[in-house]
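The chains carry the letters A, B, C and D, assigned in the order they are written, with residues numbered from 1 in each.
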Amino acid sequence: MLLHLLVLAPFAAAILMMATSKEDPKSSSRLAFLFGFAFVAMSIALIAAGNQATEAIEWFQIPGAKGSVYYYLYSHGLGAWMVFLSTGLSLVALITGRNTFETNYRNFAIAIFALMGAMNGTFLAADAVLFFFFFEAMVFPAAVLIAGFGGADRKKAAMTFAIYTLVGSAPMMVALWYLVSMADNSLVLSLAVALQNLDPSMQMTLLLCFLLAFLVKTPVFPFHGWQAITYAEAPAPLSAILTGAMSKAGVFGFIAWILPIFPLSMKVVDGMLWLGLLTAIYGALMALRATDGKKLLAFSSMSHLGLAVAGVFSLSESMLPAVLVLLVAHGLSAGAQFYLMGIAERFAGTRNIEQLGGLAARNPVFGSLFGFVAVLSLAVPGTAGFVGEFTVLMSLWDMGPLPALVAGLCLILSAAYMLRFVQKVIFGKPAREYVDGKRMTALEGSSISIMGVMLLVFGMHPAFITNALQLFDESAVQEMNKVTHPAAVQESQTVEASADTTGEAEVDENIAAVAQPMTEDDLRQLDSNLKANGFSDEERASLIAQLKAMSESEVADAHEEAAESNEANVKEASENE
Amino acid sequence: MELQPIYIQILALVLFTLGLVTALARRNVFFVLMGVELALNAVNLSFVGFAKTLPAAESVAGQIVPLFSIAVAAAEACVGLALVILIFRNRESVDSDNYSNMKG
Amino acid sequence: MTNLPLWIIPLFPLLGTILLGTIALISSGSKKGPSEGFVGALSVLFPAISFLCVVLLAFGMPEEGIRQTLCNWIDIPMLKVDIGFLFDGLSRVMLLFVTGIGSLIALYSIGYMHGDRGFTRFFAYINLFLFSMIVLVLSDSLLLTFLGWEGVGLCSYLLIGFWNHDLNNCKAANKAFIVNRVGDIGFLLGMLCLATLGGSAILNYDALNKFIEMLIAGGHVELATPIIAVAGLLFFVGCTGKSAQIPLLTWLPDAMAGPTPVSALIHAATMVTSGVYLLARLSRMFSVIPEVLVVVLIVGMLTAFWAAVAGLFQNDIKKVLAYSTISQLGYMFMAAGAFAFDASIFHVFTHAFFKAALFLGAGAVIHALAGEQDMRRMGGLIKKTPVTACVMIFAFLAIIGFPGFAGFWSKDLILERLYTNAPFGEFFYFAGLLTAVITAVYMGRLIIMTFFGEYRGSKEKEAHIHEAPASMLIPMVILAFGAVFAGYLWADSMGIKFFEQTLAPVVSDAQNYALGRISVAHVNPMTFACFGTAAALLGMIIAYVIYGTKRLPRLHKKWGSAPEGFKADWTFFFDYIHEIFIVMTKAFAFIADMIVDKILQGIQWTVGAIVEIVGDGVSSFQARKVRVQLTLSLVGVVALIAVVLMTGGLI
Amino acid sequence: MLALIYFIILAVIAVGAAACVLLSKHPLYGGLSLVLTMLSLAGIYGLLGSPFIGVVQIMVYAGAIMMLLVFVISVLNAAKDNKTPMFDGVSIFVVIGVLGLAGLVGFALVLSPLGFDASTLRGSVEMTSKNLFDTAQTGPGYFVLFEVLGLLLLSSMGAAVLMAKKRLGTDEAVVEEKEEK
């Protein structure tokens, strides 16, 4: 029910918003805030409720496909958090938009709600065709918003944005169609099974088609042409949503669709890893030179997301929580920064950072908040950004020291451009004379600072985020099998086999883990596993005590061997490179 | 010599051709409309003509469909004429070549 | 009273930060601002309470220390870290002077920052700094230490750029943060490197020590050495960043742009010594990799010498002190490099007192002269500000190692350990001694130029010179006492070894292990004391001869190092090396922006243009006349039918 | 034989009238010729054994639609404008195209074997009504279609009224139109 509400109710809200007055932003904004709060509450409930799925409703049948397309929503930790980002950022966008767009607020709210519904659908869809439907549907409200409320060059920006993303996902559509026509239906499992039966070159082609769509959406290095102009020209609240929630759809696609469906070869993984790192570095370098504040933030987002993509393709054990924390942290911090940049633009009338400055003295509360949020985005320990980047770095270190070193370089650069940004915007003296525009209102300030506080809270206790994480657990697989058809037991086995081959590194690690005697870490992990499986405290304690006693004699050697096997892993990895 | 179905079809074809030529070659918008009507009529005739070559059960459709197509043609003519009036008010012209705002 | 929970120590500064930050935010709108007395009282109260807690805990601390785990922090596969605190001999010493000196300097700042617009904000930052610093030294795992590590870096950034209306201050702050970031990445990678060895559990200090001991016990040291050595080097990079060693030293002189109490607290007494703290904390790990310690030793030696030489040429009073800090930090690293971790911490301890006293004295002088920092415009101040002068002279005697003062004991200890422990000990000993002479020279120069001779500033300024208020003098006097007597906690030649015993549980294992493998030379400690004294006296004499008699100071235009507050000319070529990196980065950015991006944009818009042209071309087929369009479609139908007829249908 | 003669007569009238439509100058004449075509076509329907369609043809087409057309033509004074040429360059092109089409279709027609079936149902009123309304026997298909058609006619009427409701040719209406744009 919650899932249906989150996906469909935003559209209903958009339609209801049409009934409100166009001239009176006050009344329409009240309704919009009400809806926004309701959606945020729902998304929090979704996170709290854990994994759940709706009934699979037959939707339509694609010509040439064997099974039909389902309207089938499934929430796992990753999707739920992304939905939280989308609803939360939309709410703040509605709040800040209230003061930015005087007359046309109603239309703004309508488009925001439509965008929110499409994003929620993207993050919750369990059916590939449904996912693709929402994935494309996101583009239109966003493009309309850009064209309707953007800056001076908005027409061009909207066109660039729409064409880039639509063209990027066109090959995916073809590939998806092809794959669906092979498969029993368009759920992940059957797609993966169908892919198994194709020959490798065809698999590769399909993979490239899928990758392209997500690469453009994220965006990753050579496909980022739309990003800077779009983020710069879009109204600031929309830019925040675009970077905070929508661009996550790309990374989400990598995790939720590419990894389960495609057996990735080492070459592809390596390529994507380095592409992600290249994006990170490139974005950071571009941000160093950008003079347009929003472009700077756009490139900074690009840099962070590049890191996230690299983290995804490190395929390490901790990849999923690491990337999720990074995404949530980035969504909140980058979103907040875009909102603040929008307010700065409203206040000073320009977004060229060379012409800004001195806002700390002129508008101290705003300045403090700006500095605070900038620090949060610097991945200072204690903030969620740090947890995300550290764990991603850790995953990268698994692939070898070089990627980690590059990521480290990226962190240094991020400090450089972010400090430059802060210095130019709020410190020093104003670079020119101007009449103060509308200041930040209390509502805006508090909503943005709530985002900041959330970053701190998640930074000190990331378990809030990581506990929600169970992508495709047992029950979901069974659920999908039920939908597929009764004789799917065999299939699920093959899928498991294919999942094992997703990364050689992973396999190596598993072997190493089995070969090692128990270490403290293993015990702890075992403990948590047992807990998850419903063993009582006493049972666990006794079991672990036994294991400890067994491995006590070997502990000294254990560390030793762990070290050796890790070295061996590193060596292997470097050889593979 | 008996009446052959092919004659009816030939007649329908001739009428259709004339209708099409009228619709496309004439510039006066009324003639365009009339040409369309003529072509529609020819198609109706063709329907009925073909229906008569079929056995009992199947010959029904060919004689019912023209009814519908006549009704649709009536609706079309109605809206079409209203459009003509509207355009004529704006353009003061019945030359269909003047109605060229459609070009992108 | 020993059952106090450990988290109470960082709690108070944190509360202070939140409270003061809120006050600062709320009052930012009003012209007058909150009452300074109230804010000042609050801001001293919180560090003082936490100092009290530390004292209470320190007296009841059991031998092996107190360990408390507060809660879980990060819990994901591969990374499980708890928030836990470790209160042992090492963190006790550090905490005592961090909170103690922190409280004193907060008190001092009330006077110094009087009337500043950001009064409340300043104290919020100071409290945040103390919180971070306490977390840094109190944490029981590397990751939590890193939280404090970056936290103090952040506070340093905020405080250096405190007067942010001047962009030069901001630039200095940015430089400090970015250079520190470079070091921090080293720290981060070091942690990752360790984590490869034994999982994330090893990031806990106890677990790490146990791990190393297991390696030693099992005789597997050689196997793990390469990775540990890499980790050690990476950690040392982190230390060079935070403690301003070669090659990351350039930010510290620039950091003098901040308010003087900040320089005293952060850039002299506490934050910059956290690198030394880290080395001592990881001593067990470093003890198995003597090769890395040699690197530490060499870097420390070079830095000490280099910074001392640079200090000779500064005219800005704070910069002299900044270089002197770098130089003293070099001493500490030399000690750590010679396996004398306890000596290095002892020097940290004494240095905190006398350097804080020097900085506060310098602050009082600047305050008295209404912001003048150029020593060439000072002189003869001993008559106008006698208390300040006395404090500074005591601290001066301490820093040059005059017998009986704090610096004498710690510096001699370091020199002694250098001679006995280090490879090529004689060489490093003489380098240290030479540095001590130079130290005495430039510090003598500072004292002479500031307090003796004639006043060289403008006349109207002279009239305004006044002694600092009591709230500034009291901390200075207390610190001066520390500068005199702190050394007696470990007066080796007098047989007092209290300090050594305090630290013994933490570092003695490491030192014994390291020293057990080399032969220790035995020399009479009195010999070293004599040499040290001689060096101090020699330096003072040289200073007097050059600067005292000739009344040299003149306002040379070309003699760089004008007290502009941000330019560090005399870091020799390190600024230029940094510049190379910056230029390289900028060049890459330029390439990325102007070439790669332009090419990509070019491709993008070319494709766009081609599509548009093709579209235009096609749209010219799109006939203007409706009839023609229809006819064309008709022709299409004809073609279609023709095809169907000719092929007999496609199906 | 008699049927053939009747057919030829009607066909000649129909084609001739259609040619008049094509060639007449004034739309009024064109419309009247069209009526003639339709009448003769109705005759052919009767001849073929579908008298109901024939009647409907006369009533709806020749009656309603053509009268509407004639009415509009006579209301809009400018319907006859001598400036607009009857044919132009495009027309030749059109004629060639259409003749090509006709030739091809005619070719196809001639090739296909066709013959009247003796058992064909007569398109009487009874047959038609049974097929349209006796849903028990023939299923709902035609009936639904019929209802939909009713809706279509209603809506098109509404649309036509809406579009043409302004008084014809007044300045006021023109101005308003422009403003709306």
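Note that contacts are C-beta pairs under 8 Å (C-beta built on N, C-alpha and C of every residue); 3 or more make two chains touch, one makes a residue touch a chain.
Keep in mind that what you see is a predicted model, and the values were worked out from it rather than measured.
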Shared touching partners of subunit C and subunit D are B
Among the chains, which one keeps its Cα centre farthest from the Cα centre of subunit B?
C
Quick check: more C-beta contact pairs in A-C or B-D?
B-D
Would you mind pulling out the distance in Å between where the CA atoms of subunit A average out and where those of subunit C do?
35
Could you give the separation in Å between the centres of subunit A and subunit D, each centre being the mean of its C-alpha atoms?
61
So the centre of each chain is just the mean of its C-alpha atoms; given that, what is the distance between subunit A and subunit B in Å?
58
Taking each chain's centre as the mean position of its Cα atoms, how many Å separate subunit B from subunit D?
5
What parts of subunit B, by residue number, touch at least two of the other chains?
20, 24-25, 27
If you look at subunit D, which of its residues touch at least two other chains?
90, 94, 98, 101, 105
Considering subunit A alone, which of its residues make contact with at least two other chains?
none
What does subunit C use to touch subunit A in their complex?
24-25, 28-29, 71-80, 83, 143, 146-147, 149-151, 154, 157, 161, 164-167, 170-171, 173-174, 177-178, 181-182, 185, 188-189, 192-193, 195-201, 207, 211, 214-215, 217-218, 220, 223-224, 227, 585-586, 588-590, 592-593, 596-597, 600-601, 604, 608
Using the touch definition from the top, list the residues of subunit B that touch subunit D in their complex.
1-11, 13-22, 24-28, 30-31, 33-35, 37-38, 41, 44-45, 48-49, 51-56, 59-60, 63-64, 66-68, 70-79, 81-86, 88-90, 92-95
Sort out for me which residues of subunit B touch subunit C in the complex.
20, 23-25, 27, 96-97, 99-100, 102-104
Subunit D partner, complex, touching residues on subunit C are 625, 627-628, 631, 634-635, 637-638, 641-642, 645
Would you pull the subunit D residues touching subunit C in the complex into a rising list?
90, 93-94, 97-98, 100-101, 104-105, 107-108
